[in-house]
Amino acid sequence: MRIGVLTGGGDCPGLNAVIRAVVRKGIKDYGYEFVGFRDGWRGPLEGDTMPLDRAAVRGILPRGGTILGSSRTNPIKIEGGVERIKDNLAGANIDALVAIGGEDTLGVARQLTDAGLPVVGVPKTIDNDLSATDYTFGFDTAVNIATEAIDRLHTTAESHHRALIVEVMGRHAGWIALHSGMAAGANVILIPERPFDINEVVAHVESRFETRYAPIIVVAEGAHPKEGQMELQTGEKDAFGHVRLGGIGQRLAEEVESRTGKEARSVVLGHVQRGGTPSAFDRVLATRLGVSAIEAVHDKDYGKMVALQGTEVRRVDLSAATDELKTVPAERYQEAEVFFG
Amino acid sequence: MRIGVLTGGGDCPGLNAVIRAVVRKGIKDYGYEFVGFRDGWRGPLEGDTMPLDRAAVRGILPRGGTILGSSRTNPIKIEGGVERIKDNLAGANIDALVAIGGEDTLGVARQLTDAGLPVVGVPKTIDNDLSATDYTFGFDTAVNIATEAIDRLHTTAESHHRALIVEVMGRHAGWIALHSGMAAGANVILIPERPFDINEVVAHVESRFETRYAPIIVVAEGAHPKEGQMELQTGEKDAFGHVRLGGIGQRLAEEVESRTGKEARSVVLGHVQRGGTPSAFDRVLATRLGVSAIEAVHDKDYGKMVALQGTEVRRVDLSAATDELKTVPAERYQEAEVFFG
Amino acid sequence: MRIGVLTGGGDCPGLNAVIRAVVRKGIKDYGYEFVGFRDGWRGPLEGDTMPLDRAAVRGILPRGGTILGSSRTNPIKIEGGVERIKDNLAGANIDALVAIGGEDTLGVARQLTDAGLPVVGVPKTIDNDLSATDYTFGFDTAVNIATEAIDRLHTTAESHHRALIVEVMGRHAGWIALHSGMAAGANVILIPERPFDINEVVAHVESRFETRYAPIIVVAEGAHPKEGQMELQTGEKDAFGHVRLGGIGQRLAEEVESRTGKEARSVVLGHVQRGGTPSAFDRVLATRLGVSAIEAVHDKDYGKMVALQGTEVRRVDLSAATDELKTVPAERYQEAEVFFG
Amino acid sequence: MRIGVLTGGGDCPGLNAVIRAVVRKGIKDYGYEFVGFRDGWRGPLEGDTMPLDRAAVRGILPRGGTILGSSRTNPIKIEGGVERIKDNLAGANIDALVAIGGEDTLGVARQLTDAGLPVVGVPKTIDNDLSATDYTFGFDTAVNIATEAIDRLHTTAESHHRALIVEVMGRHAGWIALHSGMAAGANVILIPERPFDINEVVAHVESRFETRYAPIIVVAEGAHPKEGQMELQTGEKDAFGHVRLGGIGQRLAEEVESRTGKEARSVVLGHVQRGGTPSAFDRVLATRLGVSAIEAVHDKDYGKMVALQGTEVRRVDLSAATDELKTVPAERYQEAEVFFG
């Protein structure tokens, strides 16, 4: 059998670990051949391939990024895209496809499955917001990076009697903010799932300033205040002419400063969270998912995604992963609130 | 209510995070008072206490070790030990006890529960070998430390065409070896659950030497060869007069060297694995367990241990955790074997 | 003798290591007593002190920040400030003062020396821009943090065929940019000492995109283009009514994107660079400077700053450190340019 | 011109950074061609080469180890070795040789220079014991690794009221022990340059046990007690038939335990200190040395070694580096002793 492999969407530590596991498992146990498609769905769409043998995956386990490249190309939105993929897969004698990606990539995988193509999905997102899996690889690494950064910021906050606002990734779900904020002892954590009351935030900041410690606020990039409390649009336009949203971290710093009369500074961790060597947890998870994906291929169990449930890796329908975003439930946020202020 | 807290057994990153969570949750939501008992069961046995208020737990979340101290004192094995603990708890007006520890500490907790004392257990072991919980805090940190060390050793092995044997913790269970070996791309992983065949190990080493990469063997301290294959006793006696077991890592290095004629070196990671700041995963887990332990106390649900199951923290009987060791199942080892050689 | 100690200016890893070394050395070898002044020059100005004995400095060696607090208070600019300090030092029976800080703090120390006060200075700045010392502590830590961040960004840049611009600290001197850019293999490094030509930057970016690697630009916050090449002012005003300078990193990303037609993203490392545990280099340097400062006090050699020269710690006049900023010399920049593009 | 490059001796973080800098500088500024010799002096001795162009050095800056491989082969000790090297260099049209290594490698370089060969040396040793250079790359990385390990061990020592002995590298010079011990707050540091008095060591341990902190001893592998104080030979023979020296760390632990009656444990950091990604300091130093070596080649200034002096890279005679070991001077040890006990 010849298996195609692709990685789509944003960078995520562990992608290379999956690719290596897929290739090593497939060669060793089933004698499969592998073909890499470059840059996500652009690869099968344009027939852009690269060799993917044991030598190609040597030494990549600890490396961030993806040797296959990635993109956000969506073949569904391209006229005749699905047909071109079918033709290119047939032309390259591909018997099955392993698609590693997040909501968008797996959504395409699901539609291709519906169109009759043999696809197995591997879930990936540093945001941890995919349903049907307990965790996605990349998330643990991102949380570790954010936690280390917040650890560092504590001493500066204390030494200068300053509030520090740390903006972390999470456009639609607050998992990184929740976990890194809890791990690093943030005084307030703000997540997209729950519009915040700026008065409560300020009250926590002020009560914290009464100790000799200084407040740290961890805010997900997608968090926002209750209706009408703060203006987020800056009026400026970016290079593409879109109205720029004021970064929530920077806006919060301004707001806290003007309301408390104390210095506040913001730090936006940005892309540092999504690159570089994966944590041990993510390497093990990525490796196990890769092994399991090949077992699904071997069983011709297509239209499935491999997923972590407890300590087991299981198969679920691709639809289970892509129907609904996994957001932070209220009780997890309440658990974190114990440590606010 | 007045709650006593103690930590027993070996050092483990996350102990302080549990203590802080217990104290912060208890004060904030229920107005409890806390008393720290020093050095595990020695504290209640001798009535040795320390204050444990909000100030005492400030800043300890990211710190390794335990502000309460620890020991391996076992009151069950001491004549009248249980009675003395009862008397000391009564004398200090303690209404409930939170005991944080591994198999031994929780075993005592269970027996004290049987004797009528109100105890809630929090599971702790870097070895991850406690049943009824998916993971114990400290384990993720230990695996990260071991993985980083093995990452470093790869380049030395390659540059010098040498085999490197890395001995990690795990006397009865091979979890640290399995996860760090898988995460760091070890060529062979040896665990206590499965006596190894030295001939197979040597075969993997030799096949690896044929590439330009060099073999890395990760071995749990409790791993051992099949009956009669290697001599492990050195004949020497240690300071306490016990016959010293040759460290398995060092013995393997000698054996590999003499059988392959290639250089082999061993590194014993030792106590470095169990100290210092916990990983983000362990801090979140430890914090959630601490919160949950106080909820169990509040519900007067004694004789229970809080445990991680999937993404949820639940309560289980202390007996469920202490009846049986959680060892590496055969299918997890087979999954790792894909990458041997 | 009773010695006062203060820390002024921005946070810097190693401050606590100096404080500890000063106190331990003074107590052990000379039986000195110590008094901590809080928040830089505000402490002696307002007579705000804290105890500083051996217990107070226990465990602080590896911690970022400063247990004494810091501020940018400048007593020279306050009517009667110098007199009040004199009075407060006399009132507290202070025989000598150890002032740990950067250009501003040491500038005050120098003027107080001229006014007859017994002061010894210890140089501190993560920017490494103080003259008369080879390095200042904090710099090595900042460079390590920036280097690790850039290491992580490499994989994202590659996987997404994107340019990444990393803005690091350095308002007047480009040392952090030079060293972290050189250490992490940046394709262009931009520093305040040398106005850049945006056309050259774009040419490097484009030539890099021709390989399968992607360009990383490291830019010091104080770097700026040649006269008339890019608009840096945004027109907005900040919370204090100052016209906001567009962050150079973000502006460069926009410029690179519009000129090359390829995606470019910026990351501003910010305060993460100046907090947290110091590197080993900085701990050793800070400790040696602290020991040496006490020896200067013991010799009553006031008006001096302790400085690293080669592998030796020596004393220099405070004026030598504060007369002129130490900027990146042309030949060091040329050395880095070998690796551009 | 065609330049040969080789790396000899033990693994050391930064070797690849030198190789990359040599190749990039030589190609960019002078249009040189490069040839890699494999495994130290074995390469030129046996004419074993590999291509070394710009593609070969891509991405290796942050990687530990050496892409050229290394060995301890000494051609001087081989009958006709020098002549064979001359012939092989001539046969491969090599105009100059850049030899990267420690005392042994540079000693050979010096003798080949005396025999008329055009060699430039680059100093390398994690032990930092080469004369004529302030620091060698690899040392800073090793010290950081050891310091992080000791940081971790502190909490275990405290929680268990145990003495911990950490054995670090340094057979003939105590630089790693001195710097990591000072950086991590060791209570005693033992180095080869100064035979220790076991009674003093025990006194420090006992005085430390009186605080709530626990003693950490950092000992260089080459440290030894004063004449007749402790037995170091074990009587055992290793795989090569040499009488095995008891590891000093383990022996000290036994001695401390039996003399104080308190638990003591040893940790041997071993090869972990010499592998993996170099620190930023080492990457910058290695890169600058590589650039400077090519400038020496360009100037046909053979028989020289490039060296760090203060913040400058300069050329010195190879003899200056190899005539004498750079050991820890008495005053540096006294500076560290301030913090003992």
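As written, the chain order gives the labels A, B, C and D, with residue 1 at the start of each chain.
Methods note: contacts are C-beta pairs under 8 Å (C-beta built on N, C-alpha and C of every residue); 3 or more make two chains touch, one makes a residue touch a chain.
Since the structure is predicted, the reported quantities are computational estimates derived from the model, not experimental observations.
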item	value
Taking each chain's C-alpha mean as its centre, the one farthest from subunit A	D
Inter-chain centre distance, subunit A versus subunit B - centres from mean C-alpha coordinates, in Å	30
Distance between chain centroids, defined by C-alpha means - subunit A, subunit D (Å)	41
Multi-partner residues of subunit C (each touching 2 or more other chains)	151, 277
Contacting chain pairs - touch in the sense defined above	A-B, A-C, B-D, C-D
Complex contacts: residues of subunit D adjacent to subunit B	7, 10-11, 15, 39, 63-66, 69-71, 145, 148-149, 151-156, 158-161, 164, 234, 236, 238-239, 254, 257-258, 265-272, 274-277
Subunit C - residues contacting subunit D, complex	21, 24-25, 28-29, 58-59, 61-62, 134-135, 140, 143-144, 146-147, 151, 179-180, 182-185, 211, 213, 277, 279-281, 283-284, 287-288, 291, 309-311, 335, 338-339
